[in-house]
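Below: one structure, written as structure tokens.
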Amino acid sequence: MIKAGIVGATGYTGQELLRLLVKHPQVTLQAVTSRGEAGTAVARYFPNLRGSLDLAFVEPGVDALGDCDVVFFATPNGTAMTQVPALIDAGIRVVDLSADFRIRDIDVWSKWYGMEHACPDVVAEAVYGLPEMYREETRSARVVANPGCYPTAVQLGFLPLVKNGLVDNSRLIADCKSGVSGAGRSASIGNLLCEASESMKAYKINGHRHLPEIRQGLSAACAGNIGLTFMPHLTPMIRGIQASLYATLLDTDIDLQALFEDFYRNEPFVDVLDAGMSPDTRNVRGTNNLHLAVCRPQGGDIAVVLAAEDNLVKGAAGQAVQNMNIMFGFKETAGLDIVAALP
Amino acid sequence: MIKAGIVGATGYTGQELLRLLVKHPQVTLQAVTSRGEAGTAVARYFPNLRGSLDLAFVEPGVDALGDCDVVFFATPNGTAMTQVPALIDAGIRVVDLSADFRIRDIDVWSKWYGMEHACPDVVAEAVYGLPEMYREETRSARVVANPGCYPTAVQLGFLPLVKNGLVDNSRLIADCKSGVSGAGRSASIGNLLCEASESMKAYKINGHRHLPEIRQGLSAACAGNIGLTFMPHLTPMIRGIQASLYATLLDTDIDLQALFEDFYRNEPFVDVLDAGMSPDTRNVRGTNNLHLAVCRPQGGDIAVVLAAEDNLVKGAAGQAVQNMNIMFGFKETAGLDIVAALP
Amino acid sequence: MIKAGIVGATGYTGQELLRLLVKHPQVTLQAVTSRGEAGTAVARYFPNLRGSLDLAFVEPGVDALGDCDVVFFATPNGTAMTQVPALIDAGIRVVDLSADFRIRDIDVWSKWYGMEHACPDVVAEAVYGLPEMYREETRSARVVANPGCYPTAVQLGFLPLVKNGLVDNSRLIADCKSGVSGAGRSASIGNLLCEASESMKAYKINGHRHLPEIRQGLSAACAGNIGLTFMPHLTPMIRGIQASLYATLLDTDIDLQALFEDFYRNEPFVDVLDAGMSPDTRNVRGTNNLHLAVCRPQGGDIAVVLAAEDNLVKGAAGQAVQNMNIMFGFKETAGLDIVAALP
Amino acid sequence: MIKAGIVGATGYTGQELLRLLVKHPQVTLQAVTSRGEAGTAVARYFPNLRGSLDLAFVEPGVDALGDCDVVFFATPNGTAMTQVPALIDAGIRVVDLSADFRIRDIDVWSKWYGMEHACPDVVAEAVYGLPEMYREETRSARVVANPGCYPTAVQLGFLPLVKNGLVDNSRLIADCKSGVSGAGRSASIGNLLCEASESMKAYKINGHRHLPEIRQGLSAACAGNIGLTFMPHLTPMIRGIQASLYATLLDTDIDLQALFEDFYRNEPFVDVLDAGMSPDTRNVRGTNNLHLAVCRPQGGDIAVVLAAEDNLVKGAAGQAVQNMNIMFGFKETAGLDIVAALP
């Protein structure tokens, strides 16, 4: 058993970490922090945890977290970077679910996130925690930058094509639809049920922060430049990302189905559906699974990859637990062996 | 490990049994039947089970189910009663999630369900599987009649009041709101998303089949007559029952909060919330928990009990697994130790 | 044509007033105020109004509203009472959609609303704008207190029974379910799509502000005391109130269907459905109609009245327009002749 | 006043025609047909019409429709083609909301719709009723083929680019998201609330019937070939289509905003939003408006057009009424001057 802490557990990714970690067979939850709710029993604040967790929120800081083997940051961008250096100095390993350590180019990060970075040296050592790309590096990482929700789906969808040099990398298109939980658990008019249900729209049409993250990952995969049009859409549901990815094939003779199945054959959480099936977010809801499909409509030269994940699990907390499992040598599926509840 | 079969697994209660049983530590799924889908891989039909279940649907019958220790019926009313006698003759124990064995008075059953009963003798021996009332009888039962979704919430809500003779039993009111999954997984215009979402209405206003079931249970609890107005409402969500129960107190000096807490202190799945809290269906979604609260608005003589459950879990498949656990001497919470996913 | 102003038009009732008034055949929108959005084009803020309204929000005050014949307050409680006296002194008639002028007993109002009242004398002259009760008084009113959403449905549902002395007034029960728009358009975590959808719960279980308003109205109708248990529930939809009302009949020989049909025969917006039908909120969505049904389940002595309305129309802005029509001698249905859009 | 009939009014497009036509200032509803519901009062079947329509459904046929000036077909594909010849012989003009007369190439139609065409000669004379393209031809048409829901949004979105030769026509991509009402009002498991809500997926990934219709229209606009990848997605809401359209610009110097504004300047129902805004389906819900936006993310050579419409109005019944208005010389906006209800 290792001891885990969660910083910022009152948001949606923190809430989901709580759900996963209280049932993880090799983890004891040691500390759950929240500035606003310090002193409140976690199970009073989140009644779904009644009977499963007997902790109160505490103030964040090394004091609260010093006994932990691993600390998860489920905080707004800009928070982890101020606290992580002290933790790793104290020998605590970190999985950061925010964006603080995802972008290697500090200038790019500052431009998109609108602030100075507090610890560029930690960025340099942090491992980008997409296990399907960086599993080996993750084993010994002190700091894992857990990928964003969209970047997980888009990178894993494009990866077999881009890494194998099969498509025109200059005009990739990612049309992504996310449930409202992707916007986080903060009070905002735009995410009220009355505003966001019975409605569909593209948002951040002039540039979403996940664009540089996706470009960085796919560029690394092909060792070249990536031209990507990334269009996120707010979808009237709680959880789930559906991504439809479009790329122009350089050669239409390839058997895309076989390519994808081979590429992900040994991955525990990436599942290539049978030909003709379409990934549906509800089939992966609450789980760490990513469902993929690939097709070539009308036999043309456009490859379409369809992906479905739960933005809070494979797109956030579940992938964070998967990374923890890798870091500590646990079975990679430990605590993540969940069947989606239908309907 | 025992071997379990499911008859009629393509509906919502069957689907939920699948989810729970594939992860149950003491159960092997032996046979899953469906007339319409015989031959189809279950995980092809329900893609949420990909990687978790390697069975195909088979035709129902003793041939398919003969090796089972327990068989669950998740069939429409009227099916189990034709198949159960042969199974129990073969030494197989049965948990029936339909209404075939719930009503002891055969005439009442026939009137409300519109058919002759095929095996009144099995009704006579069947145990009504509400563990909080009939746990002991369930241990040795050959046939358990798993309670209906509304009857579970309404009986458990009224029970502390009725059993203790604290209220006027002649004018109980149960105003119940159910998610649409309560209507089952059959094609009907009324349950289309376009008809049932963004809408709220009472239905079956002149009498719902769960009325005699609730009356039977509460009458047994108080050894007297029950006058009950039961009004079900179709609520625009997938899962969940919220019940608001109203009763006139015979004596307003009673400490209702203490009464309820004491009454359910040792029940693993009935949770009386702190005073002032209101049970919310989302906090029990996907779990076998029933959340209860009790209050006396404006200090008057009307007691209001609020209950929330997942109609497919504590109201159906979860309670069926709980009953199986009791029948086979497993820990009562085995396979049901689930935290609701929020949001 | 009269000139109308709206104070506080960025909330849901204001938004709905805008929709109704821009198409009203006898109204010109003269001024739409908002402190926060002064200077912004209304149709930029609410793109549904593009092409229908060419006004910008202005700062509130007599300056902005001095040319109006009628001003609607769609403001939080406590705002109208500070501005209405100056407006009526200037000869402007007022329809207040907030609660400031609804409760005649100032002490009761202060207790439930938590503030001192700024103009008790205006309360004394204000007419409670439930046309089915106070149509005549409304014609000449300077200030109309537009009823709350729940009080509209509950009073109109109980009225035929209570006014005719047919039920035990000491134990009325109103179990009400409201869409989330009833909570208004302010940023709050509890009303986020992720919190309020796929969920059902009672709220304000120890007392909702609409309780004294309903009691006042029904007490006036029966010239006696009313004992009411009022339980509101947050329902996962945008619009609509469904109310299920329970009362004990003093005499079960009455023909309830005929009673209700006669009672509301001449009302343009109250529609008693055929026996056996159940009011569904979607059938009145976006309209000023209230659908009613009445039944006596199992032929017992409990009368159940079912009501459905759109909380933002008959429960707020539509009733406000209806009141304006009465005040200015327009046809009562002017601007309100709308068919609900199904699905 | 003209007399109108509706064939097949029990589906969603028929229901929407009823809503629009009962309030149309120049139309009297003469006959509403339904085989299954003949004899039932329409307002009993659709309670939203109580008080607005005093007709019963009748059996279809020239007998019922002979007095009409115009007949709308809101029937499944394959029905109108068997009945329209007799009607036009009787001098009745027709607007067909099904696909029977949309595709000029009979072989293409037969291939995609899986049946022989019953009256190719009527196809030859039918006018494709997209007013923004064929307004003049519509004025004198005997038969108008009302466009499909997706084709309306996709064609109007691409039209300014394609007609002006500004993009690579060989690799257009249309990623479209539709509410569930697009699937029609027939009982199917896939469209149950429990299956379609809280879920997102692409469907008909190997080819949707609207593909040849869109290709035909855009090919006509550019007098050339169109290569189109069209991917429809089932979105968890009742109404609305959001389309995100991607095209490679041949020249990035063009001012796309000005181009679009100019192109649609005189269109009453196509509204180009201000730069930076994103069309949201709720802003056009229940209305005949199409909202458009155009942008060039990151200043690259991919033009993105965003479109939002109500699939049942501009995508079906509203456009049908618009076509009727054109055919009979009414003001084009008659009966369609509606403000979307927010929220």
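First chain written, first letter: the chains are A, B, C and D, and each begins at residue 1.
Definition applied: a contact is a pair of C-beta atoms (placed from the backbone, for glycine too) under 8 Å apart; a residue touches a chain by one contact, two chains touch by 3 or more.
Predicted model, so just to flag it, every value in this text is computed and none were measured.
Student: I want to compare two interfaces, B-D and B-C. Which one has more contacting C-beta pairs?
Tutor: The greater number of contacts lies at B-C.
Student: Let me check something: if the centre of a chain is the mean of its CA atoms, which chain is farthest from chain D?
Tutor: B
Student: Between chain B and chain C, what is the gap in Å from one C-alpha centre to the other?
Tutor: Those two chain centres are 39 Å apart.
Student: Measuring centre to centre with CA averages, how many angstrom lie between chain B and chain D?
Tutor: Here the centre of chain D sits 45 Å away from the centre of chain B.
Student: Name the residues of chain B that each touch 2 or more other chains.
Tutor: Within chain B, the residues that touch at least two other chains are 12, 179, 181, 185, 192, 194-195, 197-198, 236, 238-239, 280, 282, 285, 343.
Student: In their complex, what parts of chain D are in touch with chain A?
Tutor: 171, 173, 175, 177, 179, 192, 194-195, 197-203, 205-207, 211, 227, 229-231, 233, 235-240, 242, 244, 246, 248, 276, 278-282, 285, 293, 295, 297-298, 300, 302, 304, 306, 308, 343
Student: Can you list the residues on chain D that touch chain C in the complex?
Tutor: The contact residues of chain D facing chain C are 12, 15-16, 19, 22-23, 44, 46-52, 181, 185, 198, 238-239, 271, 273-274, 277, 280, 282-287, 289, 291, 337, 339-343.
Student: List the residues on chain A that touch chain C in their complex, please.
Tutor: Its residues touching chain C are 12, 179-181, 185-189, 191-198, 236, 238.
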